[in-house]
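Heads up, the next two complexes both have subunit A, just with different partners, subunit B and then subunit C.
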Partner chain A sequence: MQAGIVMFPGTNRERDMALALQRATGRKPAILWHRDTELPAGTDLVVLPGGFSYGDYLRCGAMAAQSPIMRAIHEFAGRGGHVLGVCNGFQMLAEAGLLPGALLRNASLRFLSMDCHMRVERTDTAYTGRFQRGQIFRSTMAHGDGNYFADEATLDRLEGEGLVALRYTTADGQVTEAANLNGSARNIAGILSPNLRVLGLMPHPENQVDPLIDGTDGLPLFESLAEALATA
Partner chain B sequence: MKAKVVVMPKAGVLDPQGKAIGHALAGLGFEGVGEVRAGKVIELELAETDPVKAKAEAEAMARKLLANTVIESFSVSLD
Partner chain C sequence: MKIDTLAPERARQLAAEFGLKPDEYERVLAILGREPSLTELGIFSVMWSEHCSYKSSRVWLRELPTKAPWVIHGPGENAGVIDIGDGLAAVFKMESHNHPSFIEPYQGAATGVGGILRDVFTMGARPIANLNALRFGSPDAPRMKQVIDGVVRGIGGYGNCVGVPTVGGEVNFHPRYNGNPLVNAMTVGIAPRDRIFLSAAAGVGNPVVYVGSKTGRDGIHGATMASTEFSADSEEKRPTVQIGDPFAEKLLIEACMELMATDAIVAIQDMGAAGLTSSSVEMAGKGGVGIELDMERVPQREQGMSAYEMMLSESQERMLMVLRPGAEHIAERIFTKWELDFAVIGRLTETGHIVIRHNGVVEADIPLAPLESEAPLYRRPTAETPKQPVLDPASVADPVGLEAALTTLVACPDLCSRRWIWDQYDSMVGGQTAKRPGAADAAVVRIEDHRRALAMTTDTTPRYCLADPEEGGRQAVAEAWRNLTATGALPLAVTDNMNFGNPEKPEIMGQFAAAVRGMASACTALDFPVVSGNVSLYNETEGRGILPTPAIGGVGVLEDVTQAIGLALPAGTELVLIGDTQGWLGQSLWLREISGREEGAPPPVDLTAERRNGDFVRAQILSGAVRACHDCADGGLLVTVAEMAMASGIGATLLPSPADCPAHAFWFGEDQGRYVLAVADATALIAAAEAAGVPARRLGRSGGEGLVLPDGRSISVASLRAAHEATLPALMEG
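Let's turn to the complex of A and B:
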């Protein structure tokens, strides 16, 4: 699998993402620049990593969503390419219209830098094949604007079409208000595009890929991708 | 020509910032304050001199970038 990680001014999680992908695939991802107008030939996965692109000016991800490379990413996604957005990357995907809804200020108004737990809602996707259905895994959140919002009709459609990929839960798997740290609608932590190839999530599974550093709870996501997008 | 774009959270969209400001005002002893909503104002200096065209231009900018119409509404006025 050849992955490309896009850097914007203010991106700061590209290295962790690169390490996670390399660990799972054995292959170094390409680092792409926001001014690029084309993706390298043979790209299987585009990753929009976390950070504070453009200083979060106007709205988180709003400026990045208008940058030159986003046009190429739109085309890539339109051709059925896989695009993963984590944290600020999820905000960009929503701002760019590649995923529905928006990420609002956390309901508590606080920047949240803490552990969270998520339930895997389906395993028949390139991102979740190595998880068990309903598996609870621990990850880290580090964001001020992760409160997922969409109108009721959109939320119903997401639920009806099975496009909610991940939901915030307690450590023992209960979907409660207390587990919903940022106030997201219906405890939504991550959503998929209708073709299941674009995934946006707020927490950072790339933080948990090394047994020596905070465990490997997030590793199955990257191993799933490596398996699903393996090229001969 | 100057245009002013006011961007506000849509009705029904949680506005924790407005809520916090409301709490702070109550804490300061200001009474009788109902709902508080916080938005933003963006001023644009436009080369266009025709007011109808200038307004349409500013509205296009608001739809494309200045507001996220999933969560925000906007209004444009000219100076």
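Let's turn to the complex of A and C:
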């Protein structure tokens, strides 16, 4: 799998993401620059990593969504390419219209850096093949604006089409308000595009890939990608 | 070359307004041989401010040990540098932003983080961790909630955005900080040991380059403000507080790292306190060269700024560099790529003077050597703090019993959970945080692509320092050493942040001198030298000073991150206390929170026992015999065990205390040099301790969901945790 991680001014979790991808694929991902106008030939996966692109001084992700490289990413996604957006990257995907809805300020109006648990809602995607359906896994969140919002019709459509990829739960798998730390609609932590190839999520599974640091709960996501997008 | 000097009367009046004492101003006249210009007077007053010159503290700081075979650069550079093996150096420093954080909590704290980050990456090190040491007033004091909230948001807002994990810190509350909260920020970075960048300028004719954000009118005379006491008009000083832009800082880090991989840089320094003035004066001064700057070339945020304003501005996220001749284009390409300002604003000269021109007019021309050598240096009068009597534990009755005291203590502001704070700090970014806040006595961060890890902590106990500044200074260093040791790390060096009141008062200067004496003794005995530091004086409001607060930031190394252990109590282990217990209640939190008394001599630190106990504990951890370890600090032994239990949710059954010590003194005394270890085999550990001449005592056994006290009462760990966790949220959100 050839992955490319996009650096925007203010991106800050690109190293974490690169380590996670390398661990799963054995291969260093390419680092792409926000001013690039095309993706390297042979790119299988584009990753929009976490951070504070453009300082988040406008709405989170809004400036990055207008970057030159986003046009190429739109085309790539349109051709069925895989795009993963994590945290600030999810916000960019929403701002760019590649995923529906918006990420609002956390309900507590505070930045939240803490463990969270998520339930894997489907396993027939390139991102989740190595999980069990309904599996609960631990990750960390670190964001001020992760409160997923969409109108009721959109939420119903997402649910109906099975596009909710990940949902916040308690450690023992209950979908409760207490588990929904940032106040997201219907406990939504991550959503997919209709072709299941674009995934946006707020938590950082890339920080749970190393047994020496914080466990490997997040590793299946990257192993899933490595398996699904392995090139012969 | 004619300079527009001030009229004599006006100059004298302005000098006083800028904080120069009459005899200091006489020195200015002697150095220049004439009246100064406005810009010159500004330069002298900030360079000779307490904040920049350390004029009251320098004579004492010389007593601190600063050398060891692993010290690469001690005090005097932007940050301290130590060899940590594998060809790597750790670069670190702690710095205060106390005065700005009271005036404008969010920006004051945020720019404190930004400033200390720059001190570290200016030396070529990528920052890998931030820590802090915070002191707030009584939680119910006027405006204090707002200050706490603003400071925490400011630290988080800056650190989270630049993508450096905030991994540790400490917080105390005391009414003596009502008018002067303390915000001390620490950054630790990693560099290849042979790629350290220094600030001494070299090479006459070499270009002087300005990079980063534009210069505005913010922060003018911030260093002077930081060198005076507060009064009722502090609100009027808000314009002297700088505004932080962590986004610009992030770009600056990446651009500097990219440029530092080339050979373009001769010298580099961040523009911190006193901005362009201190960076240009110090770089040229250290290099023994002259420097000339053309102010119209300085990137400016506002129109019509004068040379004086530009030289005194403390706008953030700026660096000054001397480049190799011809390397300008390399730097310009990198800084343009990162969308930062870049300007050649001057060059080095052979004159030994700093010459400031603005649109061709000379605004300042000062010889650099006397600006440094003639800087005021005071050995101010000191008065010793009277010793307090040692409190006899038998003379203090226990009014409430162990259970009630424990429940009260784990919920009191100084001991309650700090989760509400650390949940607002990104502690994981970078993917290398092995021990996060609350997991161990020190934070542990692995170095990317290595097995090696650093342990780091910040510590001091101000109430001990007030009662006996020398013992308190010694204890602060010992506690930092102990916290690193409790993770298995080998402590290597410290940075200090000396926060005190008005040094012109003999009792305050006496506190300072005694604290340094105590720190020096511990640093020497523990092979734990001081490699960097910062002094913040005049922490007084309306004439009342803070508790003396010498905050210590300690750094240690683990050869393999898997050797690090935490404090969470596992089930099925035996608990062993290492170290001697007399039941020292003087200045203990039990005495303050349960008996309402703040008195007595603080617990003494026996440095020989400290070293022996700590070296034993570390060796046991590294041998793999220890499952969890927590040092005994604030609150004493029972609080230590409770904290271990609350961290895991697993309880313990405790054995009776010795007959020769009152139970409350045994369980809540704050005797020093002690650790609680959870081990599989207590008999073997105690035998090893006896062989090493280390006191060890069986405490009990872990397991179950309750903490079973020696009197047979059981407290559920869940209820202790609920009380422990409730305090700060109730205070802040209630």
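Assume the second predicted complex is superposed on the first by the 232 of 232 C-alpha atoms of A that agree within 3 Å, B and C clash if a C-alpha of one lies under 4 Å from a C-alpha of the other, contacts with A are read in each partner's own complex, and residues count from 1 in each chain.
The rule is short, and it goes like this: contacts are C-beta pairs under 8 Å (C-beta built on N, C-alpha and C of every residue); 3 or more make two chains touch, one makes a residue touch a chain.
A quick note: this is a predicted structure, and the numbers were derived from the prediction, not measured.
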{"item": "Touched partner set for A:28, first subunit B, second subunit C, both or neither", "value": "neither"}
{"item": "Which of subunit B and subunit C A:66 touches, first, second, both or neither", "value": "first"}
{"item": "Subunit B versus subunit C as contact partner of A:19, first or second or both or neither", "value": "second"}
{"item": "First (subunit B), second (subunit C), both or neither touched by A:109", "value": "first"}
{"item": "First, second, both or neither for A:150, with subunit B first and subunit C second", "value": "first"}
{"item": "Touched partner set for A:133, first subunit B, second subunit C, both or neither", "value": "neither"}
{"item": "When both partners are placed on the shared chain, which of subunit B and subunit C touches more of subunit A", "value": "C"}
{"item": "First (subunit B), second (subunit C), both or neither touched by A:212", "value": "second"}
{"item": "First (subunit B), second (subunit C), both or neither touched by A:101", "value": "first"}
{"item": "Subunit A - residues contacting subunit C, complex", "value": "9-10, 12-13, 15-16, 19-20, 50-52, 54-57, 110-114, 140, 142, 144, 204, 206-207, 209-210, 212-214"}
{"item": "Residue ranges of subunit A in contact with subunit B within the complex", "value": "58-59, 62, 66, 94-95, 100-102, 104-109, 147, 149-151, 183"}
{"item": "Residue ranges of subunit B in contact with subunit A within the complex", "value": "13-14, 16-17, 20, 65-66, 68, 70-71"}
{"item": "Contact set on subunit C toward subunit A in their complex", "value": "153, 156-157, 160-163, 245-248, 250-251, 338-339, 422-434, 446, 448, 451, 561-562"}
